[in-house]
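These are the structures, in structure tokens.
You will see chain A twice below: alongside chain B first, and alongside chain C after that.
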Partner chain A sequence: MTASLVEQDTARPTRTAAPLGRLLAAEVRWVLRRPRTLVMLGLFALIPIVIAIGIVIADRQMGGGLIGAVAGNGLVLPIAALTLSLTLLLPLAVTMSAADAIAGEAAHGTLRGLLLAPVGRLRLVGVKAFGVLVVAFLAVLVISVVGVVAGSLIVGGGGDVVTLSGTTLGMGEALGRVALVAVWVVGQLAAVGAVALAISSLTEHPLVVLASVLGGLIVFGVLGAIPALDWLQPWLLTSGWAGAADALRDPLPLGGLGESTLRALCYVAIGLGFTAIRMQRRDA
Partner chain B sequence: MTAGRTWSRIGVGAALVGAVGLGLVAIPAGAGAAPVLPPVSAQDLVSSVLTAKPGPFNGTVELDNALGLPAIPGAPAQLANGKSTARVWSGDDGKGRLSIPSGADEQTLVSDGSTVWAYDSADRTATKHTLVPGERGPGQRSATDPAAAAAAALQTLGKTSTITVDGTAEVAGRPAYALVLAPNPSERTLLREVRIAVDAEKRVPLQLTVLANGSTDPAVQIGFTDLTFGPQDPSLFTFTPPAGTTVKDEPAPAGTPEGTPGAHPGPPAGTTVVGDGWDTVVVGTMPKPGAQAAPDQRRRDEGGAPDLSSLGTPVSGSWGSGRLITTAVATAIVTDDGRVAAGAVPEQVLTEALAK
Partner chain C sequence: MSLSSPADLGTAPAATSSAAGAVSLAARAVGLRKVYGRTVAVEGIDLDVPTGSVLGMLGPNGSGKTTLIRMLLGLTRPSAGTAELLGSAVPEAAASALPHVGALVEGPGFHPFLSGRENLRRAAAAEPLLASAAIPGAVGSALERVGLTHAADRRFRGYSLGMKQRLGLAGALLVPRKLVVLDEPTNGLDPSGTRDVRRIIGELHAGGATVIVSSHLLAEVEATCTHVAVLQSGSLVAAGELRSLLDAGTGGLVVATPDVDLALTTLRDAGATAFRDAGDEPAVVVSDGPEAPEIVALLVRAGVAVHEARRRRPRLEELFAQLTEGSS
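And now, the complex of A and B:
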């Protein structure tokens, strides 16, 4: 009943609902004013720096893999740092903000005020999802920018990148590849965030959200590692997460990144759909 | 209430779209209906394959290995069961490029027609190998190029096999004839049939499938999952060792890291061939203990020295004693005195060959 009244209100020509832009700005301010968000972003800035120092100290004892590819190859650092963080740390950040967005507000009793405010429920879901996406975007941006800077200053290697295929990319194209990986990672995090929002809308305990999403990711990882269950792989969000190395191949294969992005978008639709359904019926 | 219901419906719709989309992404598009193609005789098809000039192309090759070989330390990962992919570019005049990703590493082979570079991103080494005139580049001879592998199989097996055209199929989105080679009943072999999908237009083999007795699933299948004909960027076929790379020069054609599949190398010195056709057995001596896997035609020639001592089961007979290694399509016996017999045959044929 409340919902329909609210909807009628928004439909009236005399505007009683806040404009969307102001809502989004308020949500972003609200998210960024939480000290934990800021501390988290600060810690993310340390990840590429720590990797860079570790590689320099190891004195170019190269192993294989992405970390091995960073040695003497500074602009690979942001890609390696993003890939490493994508396994658990970035999802943790996104899940934390999604847990705060609905379950956290419910725990503090502030969700009731939001539900009573002259804002449509669907719009509320959109605003909350935007807040989560901003956190994902900022976290990835911090890692990428610090990664590029630390890669150039600490690891070195000039502006060129030696690809896994043995070709050399110029600075511009290398930065383009970093940007591609960053956008791809934001897409994967959006999927995690949408699922976390759906769980967040079901509970009023933020810890439940954190535990179930991170537990789910670990279970996905375990399922993906069992050879007998390889038919399950295409359904798992995590199965494409090692694919960022594709950005370092030449010519660039887009198949893997494209497929995992499509899969992530499907998870986004499912997560946001469930959140929207659940928020229609939620009282507080 | 109505507005709330509408939003709920939108939510349900979004979730459904997501679930269906996930299914579409996850479940590979099934093979479409078999394309309708003008009938062709097996003889014409084989000869058109042998004379085909497909021109430059690029594509992705997938190897689905169900041989049942255990993972051998030191041997390429592609030998063990599982799927692996490679990207192939082929130009004219022996120009070619092959990229074999493995995890976050990649091996690249580049041939410009006279020089072959092999680059390994794991240890950042580039190996240069100058081709003697007449030798062919990796684009032609590699195991991951189905064209060369299938053409070689056709030539060998034609005498002792029945060759038929068994309908049509769609491979890598292209209509293809299914050419089937089955062993004559007199052949004592583990293989049931070899199926080769031949592109209807360009007449190049698109897929090679080896089926063994007693299993409906292919023992090995190698084929294009995507293939485009057309001019290729010439810069793909040149290679300059990047900065920070260890460059090795390899004058002798000792084989590239990925291995030469031995499309048809002929028996090396010190080996004898017993029998012909499907029940050919190659008997040889080990260059050094545990240095080489069975020199089976369908297997890679492993340049390194994988440890084989832990493989197989002990066997003995009038010929001596040794270890028997069986896979879905081939059997090998490594005797204790250093001889090796291998072939796509049951154990008994091997022991007969060893007793000779």
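And now, the complex of A and C:
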């Protein structure tokens, strides 16, 4: 009887991995069922609304810069909200989900279950990276969509946008600029997420991930502000983060956005590479 | 290597060829060793787990049971030695064996914000052998099997220790398995939960699956296991079929007699080790000395009334105590 069982097995090779689509769907479902993810996305929806209300109340008392440009210029609101959130809130959200993705799963003992299922270790890194990217994408989407709606309804200014260069863009082109900034922000967040995943693969304490990534971003910001250290600028992820305002110039200068995107992709490659190597040897 | 009893699991003659080994062994450790810093957690363990057996892994806290199980499952890399699971090398080829292996290691791991059912569905999504359409059914029947259907849709956060343990057990039973590894499955379970675990192990055994169960409840192991492996400070001190280990144990001979004192002096004069039996009936226990017929003849010649003489089979508890105390 044993022999016949064994023959059956060799004749029909069994699956050694669950379908990738099912794994990704399960990961996204897990990410979206997590209460903190939902609360976070809800709070992100409030950001553009709060800025819009503030601008209406302040009634053009704002100075220059992005926030000032929002006044009477509704479609600038999503860009301003994204830029503002990128300094800390969006990286916080992405880091939190990356911390939960590996360190959090290890702390709950569920990482063990996934590895025993088995989910290949390399595949697991891919699935986790996808989950983090989904959070980044959704957070940016929420800010952008609510920003566009709140911008048109609360701030007003019609469909046209007056650029920082003084020209006027039609509604279609203005929305294109918003989309461009949104995609660029997702790219920057992917870099943060990849680094956070790398740290997440080193520990089973999610707080360690949160503290090190946010601490790192603050250090980057400080280093970037010291003129004597300006040779460091090309290496710092944060140095291009004020560049979203470029999207409001006419004609559109792509140099700054392109350079920071390239830098972000380097961070993604290094972060994910490190995570993959580390996960190969990690005890669970 | 410290094993020389005839019941040694490692003496399967066919185990030398790897193909034959794949047929007869569900799990195998060869010289497994794990060192954490300066602490040796597992010290050169050779263990063969025959297909279809129920192996009870015994040992005091910190004796290396969980580390050994983790190395067998590929969760921890051994410092030296090799492990095999269903004929595949671990961790290199573990992917081909693990779909057939269910495990509950180091307590149940689940997410507190999901219900028991949702947690199992997430685990099931990662199971290679489950078709997507079969997942809800598999989850439902696993929950029923561990008696958790009534609480399936409550959040894991609110589960009692025993319910968490049952859910962990359900996770190991999502797919029909060839090997099920249960690390302390009765932790936190009430008596009915313990009975359920015993029933489930029995069902798995009857279905031809191999079960490795680590436990500190010796009565449980004695009731459910066909084989045992006893660990002590990271080393394997005994392994083999439960029955032959118990038979080979130093149980000695029990002689029921009203003349206990006379019997004791007679036996000690003859060079045997004998002591008063702790039981209710007056009797002596001869744990070392001449063969049984000689002992009886000796006693009868000395005028001791021998009512009964029987070989004493030690309980697992005594055997365990002898094994783990003797070598420490």
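Throughout what follows, the second predicted complex is superposed on the first by the 268 of 284 C-alpha atoms of A that agree within 3 Å, B and C clash if a C-alpha of one lies under 4 Å from a C-alpha of the other, contacts with A are read in each partner's own complex, and residues count from 1 in each chain.
Simple rule for what comes next: a contact is a pair of C-beta atoms (placed from the backbone, for glycine too) under 8 Å apart; a residue touches a chain by one contact, two chains touch by 3 or more.
What you are looking at is a predicted structure, and each value in this text was computed from that prediction instead of being measured.
By the touch criterion defined above, A:235 lies against chain B but remains apart from chain C after alignment on the C-alpha atoms of chain A. Residue contacts after overlaying the shared chain place A:22 against chain C, while chain B stays out of touching range. Taking chain A as the reference, the larger set of touched residues comes from B, when chain B and chain C are compared. By the touch criterion stated above, A:164 is placed in contact with chain B alone, chain C being left untouched. Once both structures are placed on chain A, chain A residues 1, 3, 120 are touched by chain B and, in the other complex, by chain C. Taken in their complex, chain A has these residues touching chain C: 1-3, 5-6, 14-19, 22-23, 25-26, 29-30, 33-35, 108-120, 281, 283-284. On chain A, the positions that touch chain B within their shared complex are 1, 3-4, 7-8, 62-66, 68-69, 72-73, 120-122, 160, 162, 164-168, 227, 234-235, 242, 245, 249, 251, 253, 255, 259, 262-263, 265-278, 280. Across the complex, chain C meets chain A through its residues 22-23, 51-52, 70, 73-77, 94-96, 98-101, 103, 105-114, 118, 121-123, 125-130, 132, 171, 208. Against chain A, the residues of chain B that register as touching in their complex are 1-4, 7-8, 10-19, 21-22, 25-28, 60, 82, 87, 99, 101, 103-106, 108, 110, 117, 119, 121-124, 126, 236, 239-245.
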